[in-house]
């Protein structure tokens, strides 16, 4: 009897295993080797036709507002009315989420940050863009286009949306004097122990630690927080692990970060300007600052899915979102520098672009925009290998559970 | 089962009649007909899927594209077993699941007992309805309600305790245990109640007649008899807590459970996530096999 | 059972405490649905019916309820058929692997949600190459609803025994007629009870749904999930929950009546 039962279970198991291995699998790639040499050959759209009536947008919170957050904040409905493309907007909380959701044709466009955009390109999830079809491409400063994170061999894979830095948020009623350094979030003697918040992302969490180490432990020789050899990586992980004792929460949904700041359970921590703006709108005493050690940041690019079912509407959206009036709206709502500098004349706050250094190339080059760490060091070192991204996520999981 | 009488002269003429006739002469065919569809479904849809996922734990990822590389390797297992953080996470998760189960049992027993044995028939139906109703207030809403309750300084609990000079639990493991106990409580109450309902009053009266007082009766007669029901309830509270990752994110503060690790890694390192996912699967399979003997599976 | 008065009072108090524990958070939800604060600050300083007005006029939630309903119906139907077939097989026959099968059928619901969710997602997208759609959601739901129906029906089958069927066949009816006129009426209650429970499970399911639904398919739990992340929308969720709780009284009452007497299988199943 036991034999027969065992046999049956084994048979089921063997059958399933056979199924699993036999039915190859598409997204579980073709045994992808590190195809850093060439991304898959994909064609860009040749010409712009009529809209297909729909477009599926995967965006960061605040990038594609359709009036549901605030009826007065809406640049999606005008788009729908002008082009006839009904827009389904879905908000993604992290770059990993975006990476996972693209490539299957479920979405048409994504506002990808640098730590997912290059991976998407090499994984064949996004197609190159035909810049001649993008009406606003020429108005965007060259130092944002065809960058390391959104192009390969000079081929552009998207149109820049905007950029900004991770900021340090603080409660003005508790954090006195107003902080200007990340030490309030990393130093073991910080007065805000237990009330620090950290953005729950392996890339940002560890790179931010590395940025802090660049200032506090220069003998480690970190030149680029995304190019860390094993020794530098271990130091960053140690700092992030020690930070755990100071942290009260790790946020990924921006509304949670907002709630925490408003209720006071967070006093200082990593944030986006939009969170601070929303908290201030609720009359909470919150401010933000770009600390003196510098910061990580994000330069987002709108990219089109390789299997986009609505390519025409996708291009129409990309043209719409990069047009000066819309750029002005987004930039002010979210709190970032618009990619299209023509928007600077259209913002309601005339100093917006100055505050966010939108035209300042030197400032732009100072921010450590999210990138994907690879074993071929991003800072150009050839005498050593750097720790690749999959190790970063594992290290982050490990330190979150230690 | 088939008890066709000896009316072999009367052969069925309709199609359904002939099929029915053929089937009753061949019990194995009937069985195959009955089992075929469900088995096909379960095996092909669910188990193949499960297996495909778990097999992935033996693969690795392309570091750059995060695509799964199908070369056999045990590196993931090595990583999981050598890093003490994962052992900690496992112990923490099991600890939370166990605490939740114990708390649920503690709350459910008196409630179910009251409902089954003390309350009048009229009240009984009302009480059951009251216990089931919260199941329809969506999971997320209940978790956020608890977030509103445990929020440090501005939460409901903090507000209630302030006059006493105490502060609430805040976010953390305590909040997680409280919230999870709250969420799964109906799943513990109902099987125990069903078990108690099935318990004939005559047994309890007999025990009383033999001289046992209430406490003794409960200990020696009731508890052993409803033990399978308790275990049945525990299967749910335990497994639901073991895999939960949403509640932890909302009220857990810095706390992490195994589900969170799987969630964080499944996009960038699916094989590693699959390896971690094996841990709660293994725990549950062992648990289920162990409780099968108690007959709990029939009491679900 | 003869319980002493103190024991009865003790139990009564315990029951009251448990009920309070169960309903206080729900009361918080109800109060917060009128709370003017967008971040659920407590105690509420201002009250408003703004959120209720928002929900009444909201097309999104209506669509979500419709989608949830459709998914639930499909999943329940599949689960009904498969669960009933399975319970017949396991109640009426003995064959090797029986014990294992009854264990295996519990797995979809006993294994952690994220594992089931991930397994399905990997299976649909990578192994089968199928695009996610409302059907993938329904299929996933059906799989763990099978055991709900199975448990209810098999309990009833074991109680009714085989004599009615045998008698019917002795009287000349073939299997199909027997099923239609004899077996089915006996099982109807259990099947309906199981179906209602399965529907409830599918309606409230979040984890598996999140992983198996494409962007266009929004069930009620997903709608709630998305709205909780919209900074100025979060409180509408409280309204929806309050409405759901109130509306659910009807199906609960019915399921009680149907499965109450013949000894229902309690618990999650």
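Lettered A, B and C in written order, each chain numbered from 1.
The criterion applied here is as follows: contacts are C-beta pairs under 8 Å (C-beta built on N, C-alpha and C of every residue); 3 or more make two chains touch, one makes a residue touch a chain.
Nothing here was measured: the structure is a model prediction, and the numbers come from that model.
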item	value
Which of A-B and B-C has more C-beta pairs touching across its chains	B-C
Chain whose Cα centroid lies at the greatest distance from that of chain B	A
Centroid spacing, where centroids are CA-atom means, of chain A and chain B in whole angstrom	36
Geometric centre distance via CA averages, chain C-chain B, whole Å	13
Contacts with two or more other chains, residues of chain C listed in rising order	40-41, 99, 122, 126-127, 228, 234
For chain A, residues contacting two or more additional chains	19-20, 25, 27-28, 263
Residue numbers of chain B (touch at least two other chains)	47-48, 50, 52, 56, 151, 154, 266, 270
Of chain C, residues touching chain A in the complex	38-41, 96-97, 99-100, 122, 125-129, 131-132, 214-216, 226, 228-234
Chain C residues touching chain B - in the complex, by the definition given at the top	1-4, 7-8, 10-12, 14-15, 18-19, 21-23, 25-26, 28-29, 32, 40-43, 81-83, 85-86, 88-89, 92-93, 95, 99, 101-108, 110-116, 118-120, 122-123, 126-127, 139, 142-143, 146-147, 151, 155, 162, 165-166, 169-170, 172, 174-177, 200, 203-204, 206-207, 220-221, 224-225, 228, 234, 237-238, 240-242, 244-245, 247-249, 252-253, 256, 260, 263-269
Of chain A, residues touching chain C in the complex	1, 4-5, 8-9, 19-20, 23, 25-28, 56, 58, 61, 68-70, 88, 90-91, 93, 104-107, 253-255, 258-259, 262-263, 278, 282
Residue ranges of chain B in contact with chain A within the complex	43-44, 47-48, 50-52, 55-56, 61-71, 79, 83-86, 88-89, 92, 151-154, 170-171, 249-250, 253-254, 256, 260-261, 264-270, 272
Parts of chain A lying in touch with chain B, wherever the complex brings them together	12-13, 15-17, 19-21, 25, 27-36, 96-97, 99-100, 119, 122-123, 244, 247-250, 252, 256, 263-265, 372, 374-375, 388-391, 393-394, 396-402
